[in-house]
Structures are given as C-alpha cells and as structure tokens.
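The structure that follows is given in the form of structure tokens.
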Amino acid sequence: MSYYDIDSILTDSQKLPCTFELEVPGLGILEGNAGEDIKAGTRIDLPLWLGEMLSIGARLGTSRLVTLDMPDALSERVMNALKADPRTLDLRALAPHFYNLSERILELFEEEEMVDVLTDTFKKRAAEIADHAHNSRGAVGDGVDFLRGLDETERQLFRAAHDRAKEMRIWSGEARRK
Amino acid sequence: MQTYQTFLSHALQTNQRQYNAGLRLNWRLNCILFVMAFPLPRGVTASEIAFLAEMETVTVVPRQRLESLELLGGPVEPLAPPRRASLPLWLALLLKRQRRANIIPPPWLHPEPLSLILDVESQHQDYQNAFSPPPPLPGQPSVLDRDAIASAKPQYTPDGNRYYPAPPFLPHNTAQTTSSRDTPSLPFHWVEVGNLLLDSASDDLVDPDQIRRLLKDLREVRMSKMRSGVEVLDEAATGGGGVALTGVGSMELGEERGFITGVVDGLRRIGSSKEQARREQMAEQRAAGGYDATQDEEEDYMEF
Amino acid sequence: MDIDDILASVDHGPGASPESTALDHQLLTRFWVAERAVSEVLPWPAPLMERMMDRVRIQVHPRPQSKTINNNLTRNQIETIEDLAASSGDTTVPHTHNPNLNLRLSILQTDLARTQYLIRSLLRARLAKITKYSMHYLVQLASRDNTQTQSTLSSQNPNQQPEDSVPEIASLTDLAPLSQPEASFLHAHQTLLAGHYGGSFMGSFPRQLRRLDDNAGGTSMVQGPELREVVFVRCLGAEVPVLLEEDEDVGVTMRMGDVWVVRWEGVKKAWGRGEVELL
C-alpha cells in the first residue's frame, strides 16, 4: 500500500460489515444516534481503515472491539458467479476498487480458494480487456457493457493497453491514415 | 468532516497513535494534491523504440564519395561508389532521402523469407504458442543444432566490466551476414526496420507491396499469440518464476509492456497473501532444518 | 583555415580509439534503456558519462577547458561542428572546394543531436524517479552517515517543521546510486518542497503531524520503488538463473538469447554483472 496512492486511499474507505463485540459508550454516532451508546452485537458497515483498526485486538487474540465480516462484493454468491463466468459480472457495481479491496481483505482473512477464483477471474477478464483495447474502432456491442463493468485496476489495465497500441499505430502512420 | 472528527475524539481518545492515524488518512489526500505529476511511463515508448532501431547497421551502395567520419556513435567508414558500406540506419536513411545512396534490404526483408517465417509462425507445431526463433547472438548455437553449447564471449568495457553485444548493435540487418545455411529469422527491431524502409526506401525493396502485406500478417499472427499468453502470466507473478517471450520484437514488446506488467502486478497482489504464507512456511521449514531445496523445484518454464 | 586541414583524418591516442567510442555509445544506449525500464534509480555510471561528455565537448569545440581530455586528441586537428559551421559560412572559401561540407555538417549535427537526446532523456528519467521517491533516497543516503544524530529525536522540538524531516547529506562521500549533482538536487528539492508544504498547509497541523518521514498508522510516508515489479530481459550469458535474495530460492533458468518476463529483484544482480540486459 502506497502512502500517496489515491486508489489505496479510496479502497480504504470502502465499507465492510463489522459486528461490535462490546458495548461502547457514546459511539451511537456511527448508527446515526449521536450521544447514544452502541450495544454489543450491533452490526454496522464501517470503512475498511476504521474496521481494521478496531479489530486489531481480534487479530492479536486479546479483547476486541469489533469482528469483521466479508463484504458483499466478495460474498460466496459473487465467488460462485465468478467461477461460472467471470466475464459477465459488473465488478464496478460490486466495488469500484474490487481487486484492491480483495487484496486488503485477503490480508485480513485466510481464504485460499478466493485467491484462486480471483486469479482466474483477473486473467480471463484481462484477456478480454486486451481484445477490446486493441480494437481501433473502439468498443462495440457487448463490449460496451463489459468495459463499463471494469473495476479501477482493470480500467487502468485497459488504458495501458489502449494507449500503447494507439501510440504504436500513430508511429507507424496507421492512425493518421484512418 | 465534523462528525468524523467528533467520532474519532470520542472513540479513540485513549490512543493518540490511532488518532494520528485517522487524521493522517485525511490529509494524505491533501498531500496528493501537492505531489507533482511527472508522467513518464516505465519502459521506452514507440518513438524511442524507433530511435533505437535507427542504430541498427544496414548495408548501402553509395552514389557519391564521402570521407570517413568520427561520430559520437563510433567511426563511419569512407564511402566510395560502387563499394558497399555498413552504416547506422539513421545515416543510411539520411543519405537515401537525399539520393546519395541506395539501401540493400536486409536478407529477411524479402517476400520469400517473410512467407517462410509466416508459415512457421502460423503452421509449425513447435511455434503454436511461441514466436519463431530470433537470429542468434554471437556464440549462441543456431536452432538447427540444439545440442551445441552456448559460449558467450564478452568484450570488456574501458571500466573492466563484461559487455555482451546485442541488438541493435549486431549485424542482423546487413546484407552480408547470412550464409545460405541459415534459416531466415526476424531480428529484434523487425517492425521498425521494415516500416522505416517501406516508408523511405521502398524503391530499394523487392515487391514492397507484398512485403507490406506479409509484415502486416506477421504482426497479426504474433500479436494474437502475445495476447493468448495472458493465460500463463501468473508464472511471472511468483517470486522466481517467469514467462519466456523469446523471439518477441522490440515494438511488439513496447506495445504490450504496460498491459503485461499490469496483469502480472495485479496477479501478484491478488496472490500476495498466498506468497507470504508460502514464505513463512519455508522459513519455518528452514529453521527446522528439514528443508530440502530440491523438493521445491518445479518446471516453471513457460512459453506463450 | 583550410577546410582540408580541418577535415584531415587524425591519429588517435590511447583511450580514444574508434572502438571505444562505439563501445561507449552502446553502453550509454543500453544504460538508457535500462534506466527507462525500472522504477529504481540505477547506479550512476560516472566514468562512462565523463568519457561521453568529453567526446561531446570535443565534437562541438576543438579546445576544451577540461583537463581530463586526452592530450593527443586536443593536439590534433579534429574536425568540429563549430569549425565546420564557421567554414560553411565563410564566403572566401569556394564552395566547389568541398561539395560535401554541408552534408558532413548535417551528419555531425544529427549524430550530436541523437547523443544529446540520449543523455537528456537519461537525466530526465533519473530526476523523475529521484523526485518521486525523494524521501526514500534521502533516508537511504543518510543512513550511511554514522555521525548524524537520529533525526527522530528532534520530533520533540516544539517548532517542528516539515523541513526538519529532510536528512542532511552534505558530509557524505558515498552517494550511490546518485551522482553528486543529483544528490545536491535531491536535497535542495526536498527542502524546498517541505518548506512549501509547511507554508501552505502542514504548518497548521499539530506539530507531531508535520513530519514527512512518519509511519504512524501503519503506512510509511517514505515510499520507495517497487522491486517486485516485472521487467523484460534478454539473457546474454550462457545460463542465468532468476534468484530471489529473500529466501535463497532459485527460480527459472534463462538461456542465452532468451527473452523473459521476470521480477526485477530476481535479475538485478545478473544485470549488474552484464549477463542480462533490460529491454
């Protein structure tokens, strides 16, 4: 994680379901009840950076304030859909920084199978991205929907592939001839 | 921001460090606004690659005399028609554009060898997922005798370091290099040299239209290989792994560089928790003295 | 001055053979490609750059001031761009005398422009990295200085300013991987930047938040280049294994002429030995 990386900051602000293990006085503000207490067992979505900070006790095995749950974007249901066909999912709708979020989540949870599913997903979608990026006519047909559903990492990948291909076409004179 | 601050002071006042951390996240955003953008993509760009290709040596037939020259790129032999001379491509093109010389096309830049290479690229069983073999480096055995042992003989730099020459500083595009025994092969800068000669010296080429078509077909066949190679890129995402791209051209590599590094970087980050776990496990095994390095050896050699 | 004299071929002294000129040009080209290919700043090739700059000076002007120049070169009548340009504008010399004058001039100028492009692009690429990872390189350099008091001690200073986190490197002699001018640039740049931060927004922060080398909150502000990134290399030695320092794990083995996508950290040592080149 890089300090000056805007994507890493935005990833840190993505929400994660957290369950409070202890009663916390005065923290009702998180639920929209300023001044109230938060009861043990309360489930609230907190930004990743905050949830992680509050759950540190849990990972050290001492008293913990909250326990973290898998975000919806990485639920069992999503994993099954990705296994079936990674190309049809709108990752952007699930989480704008889908892969960055996964990377952070995988630091917190031990999920070997998720690593495999995501690796396969990323590869298959990357191949599709390359095809679209090299199409000088731009996105057409189904491609439009697919490209709209790219998460931020994938968008950057598309841009890298597209820009270099374009640069090459301009150098060779193809782009001007168009 | 008010609620955020209030919350922090309530919940985290017991821990100054955590308070700092929270506030810091906030002004990290401020800092970013101040970090100067200096956009410079990693890896040479298309025009820089063409600049490199212009350092390739080609053979010319001069149409006028010219005394020898001492250039910063090295000495240039005197020109005396009709004797052939070897010149850097940029100089050959400069003379060609002024009608002071004709360029003898590199041996591979003819319709027959290009069709032959295209057949290998598209039909040959061994090269379904790999590029046709590039011209060998000095001391490297040709693909014809696979059993021969490579003997890399370095030159020494003025600072006493080893130097093994490589493209664009090898005679891969000069007229005299190929003996009849050699199979034709595409040099590292084939896209650029082909393109530059088609643009500025097409009257020196044999059937330039045919050559243009063949180069285009070759590019397409090879680009699709490059792209289908995404499947094996996770081999390069692990520590000591890698993916072979032997035979790739400089411009082809430049075109795919951002994409390939992006994919490998993404795969590495997705798998980083797994890699970390593997490292820890190995460290434990080593600590226990039971680690046998050979058991971990797997065949990582992958080709597109 | 007679142009034929200017154009006369010359005997070269030792150390200035045409071969070494060509070799240095190849070394500079390869180094430029390498510098463009990785995120970290590569070790400054001081002797190579000195030889290159000496040649550029000779090519432009016949009597350079630098005393490092080989005497044999300065003694000889070396054709130079300045001399040629002067002659081509000299109407007292009949143009029929040497019809190739303008051609030679344009070749020499193109050659010079190409070399200048290489050097400028190399310096620019290095400056881009040096400014991007400024604190990383400053901290790295300062860590070699044993006499320096830990700068973190000063964090108790009530007048703490962002500039205080810029380490002093003036007394250092080992500046690798930077050149002396690069190190001075780096220090001056970061001092200015820290002053600017302080004046524009950090000055109004609590003093413990005014540092630029903090790592509270688990994320260090000092960002260095990513060594795990992949690079494209050509294997030049007979056989080169990809090595990972961290766990002494031997990876794939590359063979002569191969081109591979591998981690930079795995081939960095082989690159240093000249057994692989970056593409």
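Letters A, B and C mark the chains in the order given here, with residues in each chain numbered from 1 onward.
Convention: a residue touches a chain if its C-beta (ideal position, glycine included) is under 8 Å from a C-beta of that chain, and two chains touch if they have at least 3 such contacts.
If you want to know which protein each chain is, UniProt gives these names: A = DNA replication complex GINS protein PSF3; B = DNA replication complex GINS protein PSF2; C = DNA replication complex GINS protein SLD5.
Given the structure is predicted, the values throughout are model-derived calculations rather than measurements.
K.L.:
Select the chain whose centre, defined as the mean of its C-alpha atoms, is least distant from the mean of all protein C-alpha atoms.
P.N.:
B
K.L.:
Looking at A-C and A-B, which one has the bigger number of contacting C-beta pairs?
P.N.:
When the contacts at A-C and A-B are counted, A-B has more.
K.L.:
Sort the other chains by how far their Cα centres are from that of chain A and give me the top one.
P.N.:
Taking each chain's C-alpha mean as its centre, the farthest from chain A is C.
K.L.:
Can you check how far apart chain B and chain C are, centre to centre, with Cα atoms defining each centre and the answer in Å?
P.N.:
Centres of chain B and chain C (C-alpha means) sit 21 Å apart.
K.L.:
How many angstrom between the C-alpha centroids of chain C and chain A?
P.N.:
Computed from C-alpha means, the inter-chain centre distance equals 38 Å.
K.L.:
What is the distance in Å between the mean C-alpha positions of chain A and chain B?
P.N.:
It comes to 32 Å between the two C-alpha centres.
K.L.:
Using the touch rule from the top of the page, what residues of chain A touch 2 or more other chains?
P.N.:
Correct list: 3-4.
K.L.:
So which stretches of chain B touch two or more other chains?
P.N.:
Within chain B, the residues that touch at least two other chains are 18, 21-22, 25, 28, 31, 233, 257, 261.
K.L.:
Quick check: what residues of chain C touch more than one other chain, meaning two or more?
P.N.:
219, in rising order.
K.L.:
Considering only the defined contacts, which chain C positions touch chain A in the complex?
P.N.:
Interface residues on the chain C side: 219-223.
K.L.:
In the complex of these two chains, what residues of chain A are touching chain B?
P.N.:
Going by the criterion above, the answer is residues 3-4, 6, 9, 12, 24, 26-27, 29-30, 34, 49-50, 53, 99-100, 102-103, 106-107, 110, 112, 115, 118-119, 122-123, 126-127, 130-131, 133-134, 153, 156-157, 160-161, 163-165, 167-168, 170-173.
K.L.:
In the complex of these two chains, what residues of chain B are touching chain A?
P.N.:
Interface residues on chain B, with respect to chain A: 3, 6-7, 10-11, 18, 21-22, 25, 28-29, 31-32, 35, 45-47, 50, 191, 195, 199, 223, 227-228, 230-231, 233-234, 251, 254-259, 261-263, 266-267, 269-274, 277.
K.L.:
Which bits of chain B are touching chain C when the two form their complex?
P.N.:
So the residues of chain B touching chain C come out as 17-18, 20-25, 27-28, 30-31, 34, 36, 38, 40, 42-44, 48, 51-52, 55, 64-76, 90-91, 94, 98, 100, 134, 136-137, 139-140, 149-152, 154-155, 157-159, 161-166, 168-169, 233, 236-248, 250, 253, 257, 260-261, 264-265, 268, 279, 282-283, 293, 296-297, 300-301.
K.L.:
Taking the complex as given, what residues does chain C use to touch chain B?
P.N.:
Per the touch definition, chain C meets chain B at residues 7, 9-10, 15, 18-27, 29-30, 33, 36-39, 45, 47-48, 51-52, 55-56, 59, 78-79, 100, 103-104, 106-108, 110-112, 114-115, 117, 121, 124-125, 128, 131-132, 196-197, 200-201, 205, 208-209, 214, 216-219, 228-230, 232, 234, 236-239, 242-244, 246-247, 249-252, 254-263, 266, 273-275, 277, 279.
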